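In order of appearance the chains are A, B, C and D, and numbering begins at 1 in each one.
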Amino acid sequence: MNEMSKVEPAPLRLEAPPSTSLWSHARHVVSENPVTGLAFGLFALILFAAVFGPLAVPYDPLASNTSAALKPPSTAHWFGTDQLGRDIFSRVVAATRLDFSIAVASVALVFLLGGLAGVAAGFFGGWVDTVVGRVADTIMAFPLFVLAMGIVAALGNSVTNIVLATAIINFPLYARIARAEANVRREAGFVQAARLSGNSEWRLLLTQIVPNIMPIMAVQMSLTMGYAILNAAGLSFIGLGVRPPTPEWGIMVAEGASFIVSGEWWIAFFPGLALMTAVFCFNLLGDGVRDLVDPQRRN
Amino acid sequence: MTAQPLLDVRNLTVEFATRRGTVRAVKAIDISVGKGETVAIVGESGSGKSVTSYAVVRILDRAGRIAEGTVSFSGVDLVAASEAQMRDLRGREISMIFQNPRAALNPIRKVGRQIEDVLVQHVQATRATARAKAIEALEKVRIARPQERYDAYPFELSGGMCQRVVIALALACQPQLLIADEPTTGLDVTTQKAVMDLMVELTRERGMSTILITHDLGLAAAYCDRVVVMEKGSVVETAAAAEIFRNPQHPYTRRLMQATPRVGMQLRDLLPDAPAGAMAAPLNEVPNPDQAGAPLLLVENLVKEYPRPQAGSLLAKLTGRTEPEKPAFRAVDGIGFTVRRGETLGLVGESGCGKSTTSMMLNRLLDPTSGRIVFDGHDIGAIPAKQFALAPLRRRIQMVFQDPTDSLNPRFTAERAILDPILRLGSLKGRDALRARCEELATLVGLPVELLDRFPHQLSGGQKARVGIARAIALEPDLVILDEPTAALDVSVQAVVLNLLEELKQRLRMSYIFVSHDLNVVRLLCDRVIVMRAGRIIEEGTAEAVLGAPQADYTRELLSAIPHPPL
Amino acid sequence: MAITRRAAIAGGLAAPFVIRQGASAQAPSRSETLLLVQEYGPNSLDMQGIGSSQPVNGVALNCYDRLLRFKPVPIPGGGGHQVAMGELEGELAESWQLASDGMSCTFKLRDAKFHSGRPVSARDVKWSLDRAVSIGGFATTQMNAGSLEKPEQFVALDDKTFRIDFVRKDKMTMPNLAVTIPFVFDSELAIKNSGGDPWAKDFLKNNIAGSGAFRVESWKPGVETIYVRNDDWACGKRPQLRRIIARDIASPSTRRALIERGDADISYGLPPKDFKDLADAGKVNVVGVPIPNGVWGLYLNAQVGPFKDVRLRQAVAWVLPYDKILQASLFGRGVDMSGGPELPKPAWPQPFPYKTNLDKAKELVAAAGGGFSTTLQFDAGNATVAEPMSVLIKEALGAIGINVEISKVPGANFRTEIAKKTNPMTLNRFAGWLDYPDYYLFWTMHGNNSIFNIANYQNPELDKMIDAARFAGDRADYEKTVVEFIKLVNREVPMIPISQPTHDVAMQKSIGGYQFQPCREPDFRYLTKA
Amino acid sequence: MLRLIAARLKTTIPSILGVIVVTFLLTRVLPGDTAAYFAGPAATPQAIAEIRGKLGLDQPLPVQFVAYVKALVQGDLGQSLTTGQPVTADLAQRLPASAELTLFGLLIAMAVALPLGVLAAVRQGSWIDHLCRVVATAGVSLPVFFTGLLLVYVFYFILGWAPAPLGRLDVFFSEPPRVTGFLLIDSLIAREPETFRAALAQILLPALTLAIFSLAPITRMTRAAMLAVLSADFVRTARASGLSSRTVIGIYAFRNAMLPVVTTLGMVFSFLLGANVLVEKVFAWPGVGSYAVEALIASDYAPIQGFVLTMAILYVALNLAIDILYGVIDPRVRLEG
């Protein structure tokens, strides 16, 4: 255990830092920062709602009941009912799966597109860097939300296109972060060492660079999840969202928006709250993930 | 020593709150500094020497606190003093100098203004008179053209110049005590000498007391009256400088002194007497380079040029002016040498001399601009660096890197790191065979086998260095380039690693190119030495010849700048 | 320090709000100024021009005069006036005389002046009507609907006398002169500024050259339009209001809030829910007029897809949740179109004989071969009403084994989509300006397949009856034909009428003189403010 | 410095060209037949074809593109079919409104976020730090349209503190003579304090909505930058020299921390321009964002192209301004350029 012990006895010992399991580290991060603990708790809740939500809700989220329309929150309808008498609680819970999927899918897509393009740009430099940089610059020069609107308007409003649009507008962010991270590691000692070990450049990229920028990308992905949900909600608000009557938070807020002024605040409020909670959770989670993966905080 | 010391630290204990509970970084130490006295606090990393100084001026970070003890400065109890009182003392009565002088200055404020800030804060000057006083302070640290330098930003000054500014800043208010925390670490040896000489001269002139915190025993011995040796938060020995070297009392002090390379020592002398484990092999045997036969490596007229950034190309185009082409910067300027089989060649020089660029070209990570690199009869300089990774000769030239942390992939276990070259270039197949080979290599470099499944952040610096070495020798290369392999290590670890390298060289019949700025280390390890400056070879010869009786002025200057502990 | 600064910011925040209330109270002209809020405003000042949006009708109505106008009649439920389609009164025309052969009409013009001060002459009328039939686009189409087809029909006899020659006897010719298209320009002013364009399109798009009761003082497209009264208006009683500010507010909630809090005088185009709430609360007046010749209908494609089978069309008609839709989607602001008598009346729209009857619908679906999947589209611009409607329809059709996917088509695309005539189900609202059953069916079910024949219904028998009714001279004949073709479409149901929507306007109690016009734009000329 | 600006401009030319091409293609892919839309409800196919010819939509795409670029070079962005005005005129009319709103929003955000971020960094790990994080994150987690609606509902409808969300100025005020196009500034120039107050009252809620949204990125960045700087060696030197904490934090730490914050401002601004679209819709703000949305819904190409191009140029200009600002703060950039 002790490297000097073979050479000589006690005083000049250099202890290796004790190994830390991820779990105990996570416990420490949470205990040090209660807000992160809250975020992880919320995340578990969202995950649960996304997986089991549609099975666990008290009402069919699609079933209308016009005789019970626009009822305020009560014991029968915790979040009240909407214009068609649908149970808002059931709809809010059922929507989790779709919103979560949109967020995950768009983030996964942009990670694949932007992350890899950025890594390649940062690692190889040269024309790859130029092309990726130009594409990112061009996208950045658009007002991003308007670009997303344009894409969805042009390709039609389906979940796939919302995911695609969200991924495209996040491309520059991912490409830039990945590029910067890959670039600083391009000449790092361990990469040079791997070159000496006879790794081809492509292998270097995949085994040395990519795994090492994953933590940073993970932080970014968590933050972007929230933004993806907001973006989808914004698109829904101007009428470019998913198709009715599918429950989706953004659409529910947009639909409920016109009822706020007339006093039926719950129609927009609860989906809005769910939306906010989810985005809030992903944003805080980003900080938590940062704490978790930051090796400086690890020891 | 006067009866009433200027600074009297009694029973000082500093604790840090960490996630694993409270850690005592400094344990009940006593240190006193008399008026006009220069005291060194010496220790390896983690000894608590810096924390002690921070505790004295009370600039510990939030997690740290003084748990016990008193610090009395001119009769004032600094532990009990209010923050306002302390602020008043800092900079005016007690000043500090830190390592890495460029980082110690505000990058976006003129250096003159930074001196002014201190002067004004301590009412040594008004804004009206401050400029003149700041220039005066710059003048005192022998900065040429202080009027101009006043308006300079730190990035416009050299490292040595920055450290002078830092000294000017520290001395601006005529304090009574100067605490210098590794003030010359990271500076070249000649710059180090100039800075230390200046510091000592100025403090003597003013009758100031100084605490010099350093890991370098030689430095402590050369400049200090008394030496305090710390280990793991405790003071193990305090004695007059001359005394401590002549007659070290504590075993730790003895070991530390022994591990410090000095003139007239053998490599084996660095280690404590008791031989153990893998180190048991006889090392006293004189290396026996193969004098006859073709050299393993032949370098001829090697050049590396970097183009200078073409300034204002667009503006030039717009205005129609064409600026004269600047010549490219030559990092390596036509050098040539040979390395024989079984030989260790030292490559020595100060930062920027081109030694690292040369080593990168030799191990074929960098393409030379011109020149030949002939390895065992093959002109490997002609193979582009990108392709060399897959060339058959790749396995015969390996390298040990300067920073053991940076050179290990944080995501690979020690085993995976050591096996990487075998997996890519070796012929060994099968999980068990690989594991066996890995354990063999680990044993060879003295790395406990049970550490093989650990990740780099779970290993100590010395252990990481061993992983790096194991990786370099995994393919039994003919030539290993050692790029300052011990620069990031404490002296005691350095001693072990140097011996290990020497032993491996003999056992595996390798040749080394040893790149270093530390002439004492080079002396111990190398058969022949090349001294480089500004991309050229200044002097070349056997280690004894070059370091014993240098011909070039520059080599002499380098040698004389090394602080030597009295023997 | 932080706290004091924050307090200062809070003070700064509150200050402008407090002072503003004083500022608004001081406005002296408030009683003569009307603030109207609408979803969007005109994109041109020329209703005859190509691409003019719906609110341009309001400009045409208030800033220009026509030869004739519809006669106001009280709204049965009170609250103001609507129009009687068959009864006309003179606007620029002081009097008019139909020729004895019924093939022309001669108009005598009033002594009216343009805003420029020049008197209105018959030449101006001719130029304007010539322009309407020649300029192309919607204006020309609308003129043609009343058999006003070519410039030769318009004759300026002298300064004050004008004649229109008919190409055929068409009962819609005269009412069509009262709609917002055939209005009269100051032709000299227009030609002078035309820059060589015979119809001065650019000039008239951005400038008013009329004789109407109001002038446009300022027009910021997409922001606001400010009208000021023309004190020299000769074609009617001088309006009480001096100044009208029409603001474009996209958000219906905001429009509602503005009217509810008394900041706006009139609010147009709120969702039905808001009109219902406002009407229930009673703080403001809500006037609703069932839109003449307007109906929310479900169009089932009779040529392509499953609804070729009339049994399926009938099945859908039997299963639609008419009452639920009226309550949950239109909030009662409409007239139910289900459960009508077997024998129709000569009127349009009127309830069809269908009402919700699940068994009948199931029987018909079973007979036609069972359930299937299909899509239902509607214009996203109508989403407030159409979306809940479509969701209810989807649910109801699910009960008879028809699985519906809802497709919300952006406004820009909707017209292209319905022009394709391939979508199986379309939910749409169509309203004809001229309130005649044959006019409505001509657009929506005639075999000439106009864009509004969304069901792509082709039936020569129906075409014959519609054409016969359009040009029928005799009232009894006409009514008989109408009843016949309504019976036919009752049976064939290419379009299932769901509700006749109400055109609602919310006004402060101080506002009087509301006048509904078929173009559904506000008519400022009659409005009063107490 | 000049060299820096020139180099920067050079790199932006390709992205502007990219924006032009992408926008052109995107608008042509937009569904909906403009000709059919504007031919009016009862148009015959011939009428539609006639209008299509008039709009030049019957030409092949490359021809349309060349025509578009030709017009663009002459400063002609085409004509909006929705408002019936030249796009250039529309944008000139509306851009100040958007710019004023966005900048004012950014100003509020910075006024709150910078001290908040500094405080959070100085008191790292304290309840203030956690509170900052929660508040800022909550702000960015709210969809802007939802925040806007809530603010209107609470401050206008329930409390009656705010004026009606009716655009830039209360109906009964007239606009001050146009100098900058920014009502707040123009009213001051014209010495009309009443108008200034009215304009301020109108802009507060929408600007607040934007500010709430942009609070998080600025706070987060300020905090991170401050933390990095506070642990830097030169801050330790400053402390060890006995400088007061006000000097250390204000002059030494804050100015250095501003460097990364300034660079993120460009990002935040782009972010806000997007959010603007929704806020303008809620507050009936006569800006370019709402203009673009309406054009998009109507398949009205010219305004979309004009809008996107203007935004791209604005973005480039802003980044240039940020580079210059960076140079002002950081001598390394200024002197080495």
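As a working rule, a contact is a pair of C-beta atoms (placed from the backbone, for glycine too) under 8 Å apart; a residue touches a chain by one contact, two chains touch by 3 or more.
Source: prediction; values computed, not measured.
Looking at which of A-B and C-D shares more C-beta pairs in contact, the answer is the pair C-D. Averaged C-alpha coordinates put the centre of chain A at 43 Å from the centre of chain B. Taking the mean of the C-alpha atoms as each chain's centre, chain C and chain D sit 37 Å apart.
Distance between chain centres (mean CA atoms), chain A to chain D: 24 Å.
Here the CA centre of chain B is 50 Å from the CA centre of chain D. Of all residues in chain A, those that touch two or more other chains are 32, 153, 239, 257, 260-261. Counting only residues that touch two or more partner chains, chain C has 251, 253-254, 257, 260, 380, 410.
In chain D, the residues that touch at least two other chains are 30-31, 125, 149, 152-153, 157, 281, 297. The set of touching chain pairs reads A-B, A-C, A-D, B-D, C-D, using the touch definition from the header.
Residues 57, 59, 61-62, 86-92, 95-96, 98, 100, 103-109, 117-118, 121-122, 153, 155-156, 166, 169-170, 311-312, 314-315, 318 of chain B are the ones touching chain D in the complex. Note for the complex: chain C touches chain D at residues 2, 9, 13-17, 19-20, 23-24, 27, 30, 33, 35, 37, 40, 43-44, 50-53, 136-142, 145, 205-206, 220-224, 245, 247-251, 253-254, 257-258, 260-261, 263-264, 380-381, 410-416, 419, 443, 450-452.
Of all residues in chain D, only 2-3, 6-7, 10, 124-125, 231-234, 236-244, 247, 251-252, 255-256, 259, 329-332, 335-336 touch chain B in the complex they form. Contacts from chain D toward chain C in the complex involve residues 30-34, 36-44, 47, 50-51, 54, 80-85, 90, 93-94, 111, 115, 119, 149, 152-153, 156-157, 160-167, 170-173, 194, 197-198, 200-201, 204, 281-284, 286, 290-291, 294, 297-300. For chain A in complex with chain D, the touching residues are 32-35, 134-135, 137-138, 140-147, 149-151, 153-156, 226, 230, 233-234, 237-239, 250, 253-254, 257, 260-261, 265, 268, 272, 275-277, 279-280, 283-284, 287.
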